[in-house]
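Take a look at these structures.
Here come two complexes built around chain A, the first alongside chain B, the second alongside chain C.
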Partner chain A sequence: MITFDKVNKYFNQLHVLKDVSFHIEAGEVVVVCGPSGSGKSTMLRCVNRLEKIDRGEIVVKGVNLNAPTSDIAKLRAEIGMVFQHFNLYPHLRVLDNLILAPIKVRGVSREVATDTAMKLLAKVGIQEKASAYPSQLSGGQQQRVAIARALAMQPKIMLFDEPTSALDPEMIREVLEVMVDLANEGMTMIVVTHEMGFARRVAHRVIFMDEGRVIEDEKPEVFFSQAKDPRARVFLSKILSHI
Partner chain B sequence: MSGASFAIVQSLRTERGKEWLWRLGVLLVVIAGAYAARDLEWGKVAASWQFLLKGLGRSWLLALASIFVGAVAAFPLALARVYGPTGVRHAATALIETVRSIPELMIIFWVYFTLPLVIGAQVDSWEAALGSLSVIAAAYLAEVIRAGLYSVPRGQIEAAETTGMSRLHIFLHVVLPQALRNMVPALIAQLVALFKTTSLVYAIGVMEFLRSVTVINNTLFAPYPLYLILALGYFVSCFAITRLVRWFDPKYQLVD
Partner chain C sequence: MPRAPAALKPKDAFVDWSILWQYRGAFWSGFTVTVWLSAACIVGSTIVGLLAGCLGSLPSFFLRRLISAYTELLRNIPLVVKLFFFYFVLGIPGIPAALLALTLHQSAYVADVVTAGIRSIARGQVDAGLSLGHGYWQIFRYLIIPQMLRIVIPPMTSQYVAIIKHSSVVGLVAVQDLTFQTQEINVATFRGFEAATATTVLYGLLALAMIAAMAALEKRFAWR
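Let's look at the complex of A and B:
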């Protein structure tokens, strides 16, 4: 479903992605971790071409992202993305945050979009906040709304960029629960996170990045107990001793 | 302290109490001001009230017309400067920055004295006033709009992009509504400034408020009451503009 083939990306002189290659099947949940600045966000943002690459090839759902003829907007509509800082539209009520794109992009009627949106809000456990503004919600609630907003487009792939790292500990759980449910329903997910409990519970694979390279790409059991690369072991010992 | 006075002191600590205290203060200042001004030569200027009011009306007309024309022109200018292709962007930038860096009076003089030579047609003072004030309003309002557009965080646009929305839809439904709300404080400041700028066309003989007051003063010589009226006229007008814009500003809170 998602294939990276020797992907290279530069920010001016800075080489941020170095020969990144991997393949993700439909229904797979992949957790990406690594030190700060290792290129995790950049890699994730390449999947829906928020960032363009300089060399290599990315194919998502059979669409080559580099090909000038590819309909990127159409592809993006099928890839949901959740950001660290939620990025909800502050001028719109929760419900309107959810129905904007389905109406404008898919041409769904307001009634149908509202119906779907209310079901999704129920699913993430905040249907009672449908008419609130984002600023009236807690961080955890905002992030759940952001997940529901992405799901409202009925995506085939969901991308998460550190969805819980701006949240207080008690709110992290409510967001992770929603993500676990989603994983169990068979959604294809790439999740950049340092929540190793989440990785253990639902990830099929863990990708570890350092300085723009994929260092490890393993099943969680293997990654946690017998990571081959010393950088991965150092990273793990740091992050696990934190918890 | 007795119970009653204690209750009064307590109630003054609340938000409402503070609000009333503030209003009382303003009222006292106004009364003191009126008392101090009671001996000015009001009788002398009273008969001119219609003339002065007409002057103020013309100032409002100039302000509203130039702001309207200016705003209509400012939108494409700002859009060109923010989103336009390189050539268009540079042209819009050059235009805006040129107008903004020239003293307003200079622009008024050019339109009044130089433009007729260029176009070979008569330009009366009223036309010159409207034209020059509109150009000034366009340049300054374009900058207010541009600042508003830039105030929308990049993440908002990215969030919309990831849903596959088109650039036009993103602009209309995500960027513009937030930009309009964010530009309210700067807009108020700019509209107030533009209102005061209308007084400059005094120099080309338009009988707006400042000129009306000056003309009356030249015949009656009663500068104290007249300049007090002048100050009050501009104060009330600018205050009204502030309130008017705020009234259009929908109540909402920002995250991020």
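Let's look at the complex of A and C:
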């Protein structure tokens, strides 16, 4: 479903992705971790071409992202993305946050879009906030709205860019539970996160990145107990020690 | 020893507020000119400024330079000089020249406010829009512009008050606004103290009304 083949990317002089290659099958849940600045978020943003790459090839759902003929907006509409800082539209009520893209991008009628949106809000447990503005919600609620907004486009792939990093500890759980449900439903997911508990519970694979390279690409049970690379072991010891 | 003008009788040396009532017609006509002139320029500079600010925020190097040349040019020439340019150099009659000078002058500042408003919108909004499949036009139309319009209300208030204040120079090209009438009353009666006091209060009230209206607008469109 998603293939990276020797992907390289530069920010001016800075080489942020170095020969990144991996393949993700439909229905797989992949957790990406690594120290900050290792290129995880950049890699994720390449999947829906929020970042362009300089060398290599990315194929998503059979579409080559580098090809100038690719209809990138159409592909993006099928890839949901959840951001660290939620990025909800502050000027729109929760319901309107959910129905804008279905109506304007897909041409769905307002009634149908509203119906779908209300079901999704119920699914993430905040249908009673449909007419609230994002600023009236807690961080955890905002992130659940953001997940619902992405799901409103009925995506085949969901990308999560550190979805719980900006949340207070007591709100992390409510967001992770929505994500676990999604994983159990068979959604293809790439999740950049440091929530190793989540990785253990639902990930099929863990990709560990450092300095722009994929260092490990293993099943979680292998990654947590027998990571080969010393950098991965140091990273794990740092983030697991205080749990 | 300087002599008092012949028309000035001894009792006239004291402050005489009755002059305001006597010249109420002139005050009223000047006040209405100031109000409609300001209103027209507020509408005009908002339209021109919004357009310029939005164009200058598009990802086009050429447009950005063009708009920045526009704002630099207009901001760096004094308002009165612009007024004289339209009136004397281009020979445009007083009222259209005043409308044009004031509108163009303030539109440059409005464009700056709009550009800053757009720049202050978080990059994440564009990311979110793109990730959901919106094109740049839809992002501009449904996300950037509505958010910008709310952000710019407070700085726009001072722009609008500036228009009201700046409109006081249009008397220089014989537009009979409130300031012009005040001067006329002074010339006719030597009651500059009374006339200017009344005019000061009137401008102050206009500015306060503007601020109150914008505060109400801001409250109406708050993202509670």
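Odds and ends about this structure:
Just so it is clear, the second predicted complex is superposed on the first by the 243 of 243 C-alpha atoms of A that agree within 3 Å, B and C clash if a C-alpha of one lies under 4 Å from a C-alpha of the other, contacts with A are read in each partner's own complex, and residues count from 1 in each chain.
One rule holds in what follows: a residue touches a chain if its C-beta (ideal position, glycine included) is under 8 Å from a C-beta of that chain, and two chains touch if they have at least 3 such contacts.
Everything quoted here is computed from the prediction, not taken from an experiment.
When both complexes are overlaid on chain A, chain B and chain C end up clashing with each other. When the two complexes are overlaid on their common chain A, residue A:99 makes contact with neither chain B nor chain C. By the touch criterion defined above, A:50 reaches both chain B and chain C. Of the two partner chains, chain B is the only one touched by A:142; chain C is not. In the superposed model, A:190 makes contact with neither chain B nor chain C. Of the two partner chains placed by superposition, A:33 touches none, neither chain B nor chain C. Of the two partner chains, both chain B and chain C are touched by A:83. Comparing the two interfaces of chain A, the one with chain B and the one with chain C have residues 48, 50, 73-74, 76-81, 83, 85, 87-91, 100-101, 104-105, 133-136, 149-150, 153 in common. For chain C in complex with chain A, the touching residues are 122, 124-125, 127-128, 130-135, 138, 142-143, 146-147, 150, 223-224.
On the side of chain A, the complex with chain B involves touching residues 48, 50, 73-81, 83, 85-91, 100-101, 104-105, 133-136, 142, 149-150, 153. For chain B in complex with chain A, the residues that touch the partner chain are 153, 155-156, 158-166, 169, 173-174, 177-178, 181, 252-256. Those residues of chain A whose C-beta lies close enough to touch chain C in the complex are 48, 50, 73-74, 76-81, 83, 85, 87-91, 100-101, 104-106, 133-136, 149-150, 153, 159.
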